[in-house]
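In what comes next, chain A is part of two complexes: it sits with chain B in the first one and with chain C in the second one.
Our next item is the complex of A and B:
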C-alpha cells in the first residue's frame, strides 16, 4: 500500500512538472497589454498642448470613437505611422487625440508642420506621467476607445495598414 | 544665535529622516516592479524611458500618501500582474502560491512513510 502511495505521488509530481513546463514554454513571454481591452479608462486628465485647459473624460465622451495616439518628434516609428493617421483623420466617426510624449514643444510643432497635423485635439505629457494612466510603456502607442471610454483595441508600435483597415471598419459600423 | 542653530539642526534632521523614509519605501516598491521593455531588469535597476516614468509616478504616489498596496494595485490595473515580480494571491495563481506548501507536506508524508517502512523491517 505504502509503496503504491509513493509511486503514485512520484508519478503525479512528474506529471505536474511536465504540465508546468508545457504550459510555461507554450506561453508567449512577450509582454503586451491585450488584457486591457474591454477595460474602461477611468481617469483622463491631459494638459492641452497650446490652450491653458485640461482635456478630461467628459471631452472624449462627446466623440463616438476616439483614437488616442502617443507620439513624439524624436520617435522614428511615429514618422512611419503619420501618413496613416492623416488618412484616419478623414473618418467622420473618429476623433484623433494626439498626446505629445516627453517632447520639446518647438520640435513637436515643427514635426506637425513638416508632416501635417492629423489631430483633432492635441495634449502634452511632458514628463510621461499621465501616459501611465493609459498603460503606455513606449511610443508610438495608440488606443481606440468608444463613447463609454472602453478600450476597443490597443496598438503597440506604429499603426499598420491592417490596423488602419481594422479601425476604419469599427468606426464605420 | 543659539536658537537659530538649534532650529536649523531640527529642520535638517527632519528632512534627513523624511528622505530616508522615502528612499526605503520607494526602493522596495521599485525593486518589485518589472521593467516591461527591458530583459530581466527591475524598474529600480533600469534607466529606460519607461522605468524613469514609473519612478516619477511611484514617487508622486508616495508623496500623495498612497500605500504600497495602493501603488501596486494602480500599476496592476494599468499593466496587468506581469508588472510585479511578486504577484498578489488570486484564483489564477493559486497553485503557484500553494504548491511549495503542498510539496513540503507531500515530502514530509513520503519521508514519514519511508521511515515507518524501514522501522517495520
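Our next item is the complex of A and C:
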C-alpha cells in the first residue's frame, strides 16, 4: 500500500511538472513586448525619486497622456534622447514620468543638472525589478499610455525625431 | 538540389531506423545466439547516410546555397570559410542534425563494442536507441527541417550572428553534444538492462566507457561555452548561472554521480537500481535542458532559438520518455538491502552521489522556478547568482572534505588508511590559508573555509599521486581529476576574493587612477576587417607598485551581415591574472564607458577544468589498454 502511494505521488509530481511546462509554453513571454500595445497596465508601484512616497496607477490616471521613460545616467543613448524629452515636456497634454533605472542617486541628479530635467515626476528603480513589469529589457525605453492606462506605443531605444512627431500628433488630438 | 538530397537522406534514415527495429524484433524471436550480420550492416548504413546528410548541409553552407532557408538565415557568401562550416551547427536546425548524428553513431559503436555481452540486452538497447533516433528524425523532418527551401531564391544570406563567429563557439556544440546526446546510449542500455533483467555487474562493465566518454566531453563542452561567454559576451567571469549554462550543468551532475556509483556496481554488484535511475535521469535531463533552451519557455541572455511548436514537440517526446521509463522502472524495481560499513568506500561514493543530487536539485529548482511562479502565480521572478551562491557554496566545503577522505577508504572494510595523515594535511591546509591572508589580504570566514577545504583536497590528492608513482596505488586518472577539482575550487575562491572591478567614463587623453592602478585612454582608431569594421581603443594600464605597463585594445565592432554592433573585450591573460577591458560609446558625447577588471587566476580555472576532463580520458585509455 505504502509503495503504491509513493509510486502514485511520483507520477503525479511528474504530471504536475510537465503540466506547468505545457502551460508555460503557451504563456506570453515577458520579453516579447510586441503584444504590450493595447494592453492595460493594472498595477503601478514605483518609489518616488526624492519624496518618501509611492507613485501609483491613481497618480497616472490624472494625466491625459503619460510617457514613462526609463533611463540612467550611465546610459549613453539616454543622453541622445534627452533634448527630445525636454521638448516633449512642453506639450500640455503630456506628463513625463521618468524611471531612473539601476542608477546611483547622485549620478542621476548630476545628469539632470547638466542636461536639464524634463520630468514632471521622477521615480527610481534601483534594482531594476519594477521595470521588468513593464517589459523593459534595456534602456532607454519609453511607454506612452493614456488616461485609462492603456499602452499606446512602446519605444525601444532612444526616442527619435519621428517618435517625437508621433507622440506630438497623438497628444494634440 | 542539395535540399532534395538532404531530405532524401533524412527519409532513408527513417526507413533504416524502422528496419533496424523490425529486424531486431525478428532476431529476438529467433533462436540465434548472435545478432545477425544484417543488423550490423543496416546500422553501418544508417551511420554512413546520416554523416553524408550532414556533409550535404555543410556543403550547402560552403557553397552558400541560399535556396535553403537555413543557409539563407545563417550564412553569407563573404563569411570566412571556417565560420561557414561552423555555421552549420550554429543554429537550431543544424544542431539538431548533429544530435541525430551522435545518437546514430553511438548506437552503432555501442553495438560494435559490446560483442561479448548478452544478445537480448544489446538488441533491446539498440531498439530503444533507434526509437530515440526516429523521434528526433521526425522532429527534424517535420518541424525543424534544416533543408527547407525558400522561394524566390535570395541573392545573399543574412549572415551568422557575429557573436557566434568565434572559434570557441565553433567547437562548443559538438563537444557538448557528444556529452549529453552521448548519454542517450546508456539511457537505452538501462532500459535494455531492465527489460532483460541483465546482471548489474555486466551492465556496469558495458556502459562505463560510454559514461566516461560523455562525461569527459560534457566537461570540455561546458568549458568551451564558458570561455566563450568570458571573452565574447563581455560578462567578465567564468560562470553566470544563466539558464542555458545551467541546462548543460544539470546532466553533468547526474553523469558525475553515475560515474562514481558505477564503480560500486562493477566492483560490488550493489546499487543496481540507483545506477539505472542515474542513467535514465542523465538523458532525461539532457532533453529537458534542450527543451528549456529551445522552446523559449525560459528567457536567457542567449536563448538563441525559440518557437513554441518546437517546445511542444520536445515536451511530448520528453513526457513519453519519462513515463515509459518510470513505469518500466516501477515494474522491475525490487527492494534490496544494502549493508554498508559506514567508513567503507561504498558509503563514501554514496555520499558523493547525494552531494551531486543536492547540487542537481538546487540548480534545477533555480532554473525552473521562474516558470513555476509565472504559471502558478503570474508573478515574474528571476533567480540569480545570490541564490546559487548561498545554497551551493557552504555545501562545497563539506563536499571537498568528503572528496579528500573518500579515496583513502577501502572497499567493504570499516577502516581508513591513515587518520593521522589526514589530520596533518588539514593542519597544513589551514596554515596555507592563513599565509595567503597574511601575505595578501583577508577575506570572509566562508572564503577561509573554501580555501582550506580546497587546499586539503589538493594536498591529499598530491600525496596520492606520489604514492601512485611509487606503485603503491594505481589510480592516476581519479587522482588527476580530483586534484584538478581541488585546484578549480581553490582558484575560483581566490579569483572571487582578489578580483577588482571598476566602471567609469573616460574620453580620449584622460586618465583614471584608483588603488594601485591608472588607466589612460591613449588612442582611438577605425579599422576595416574582412567582415566587419572596428573602432579600436588603446588603453594603457599602469600599476605603480609593480611597475607594470600594458596596453589593451577593446573594440566596438560593426558587422554588416547582419548589421550588428558587438563589444569585444580586450583581455590580457597572464599566468597570475587577467586584465580585462570593455568599452562602449556614449552617444553624442566624447566619453566612452569603460569597464576594467582584474581577474586573478582565470587561466588556471580553465586549465583545471581541462585536467578534470583529462582524468576521464586517461581512465578511458587505461580501460581500453586493459581490454587488448
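Please note the rule applied: the second predicted complex is superposed on the first by the 141 of 173 C-alpha atoms of A that agree within 3 Å, B and C clash if a C-alpha of one lies under 4 Å from a C-alpha of the other, contacts with A are read in each partner's own complex, and residues count from 1 in each chain.
Just so we're on the same page, a contact is a pair of C-beta atoms (placed from the backbone, for glycine too) under 8 Å apart; a residue touches a chain by one contact, two chains touch by 3 or more.
Worth saying up front: this structure is predicted, and the values here are computed from it rather than measured.
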Could you look at A:107 and tell me whether it touches chain B, chain C, both or neither (first, second, both, neither)?
neither
In the superposed arrangement, which partner chain does A:18 touch: chain B (first), chain C (second), both, or neither?
second
What is the contact status of A:7 with respect to chain B (first) and chain C (second): first, second, both, or neither?
second
In the overlaid three-chain picture, which partner chain does A:36 touch, first (chain B) or second (chain C), both, or neither?
first
Contacts of A:64 with chain B and chain C, given as first, second, both or neither
neither
Once the shared chain is lined up, is A:160 touching chain B (first), chain C (second), both, or neither of them?
neither
Using the touch definition from the top, say if A:26 reaches chain B (first), chain C (second), both or neither.
second
Applying the document's definition of touch, where does A:133 land relative to chain B and chain C: first, second, both, or neither?
both
Is A:56 in contact with chain B, with chain C, with both, or with neither (first, second, both, neither)?
neither
For chain A, which residues belong to both interfaces, chain B and chain C?
31, 132-133
Show me the residue ranges of chain C that touch chain A in the complex, using the header's touch definition.
291, 295-297, 299, 308, 311-312, 315, 318-319, 322-323, 326, 330, 368, 371-372, 374-376, 380, 382, 503, 505, 584-589, 591, 593
In the complex, go through chain B and note every residue touching chain A.
36-37, 49-50, 52-54, 56-57, 60, 75, 77-80, 82, 106, 109-110, 113-114, 116-117
Footprint of chain C on chain A - complex, ascending:
7, 10-11, 14, 17-18, 20-27, 29-31, 74, 76-77, 79-80, 132-133, 158
Can you list the residues on chain A that touch chain B in the complex?
2, 5-6, 9, 13, 31, 33, 35-36, 39, 102, 127-129, 131-135, 137-138
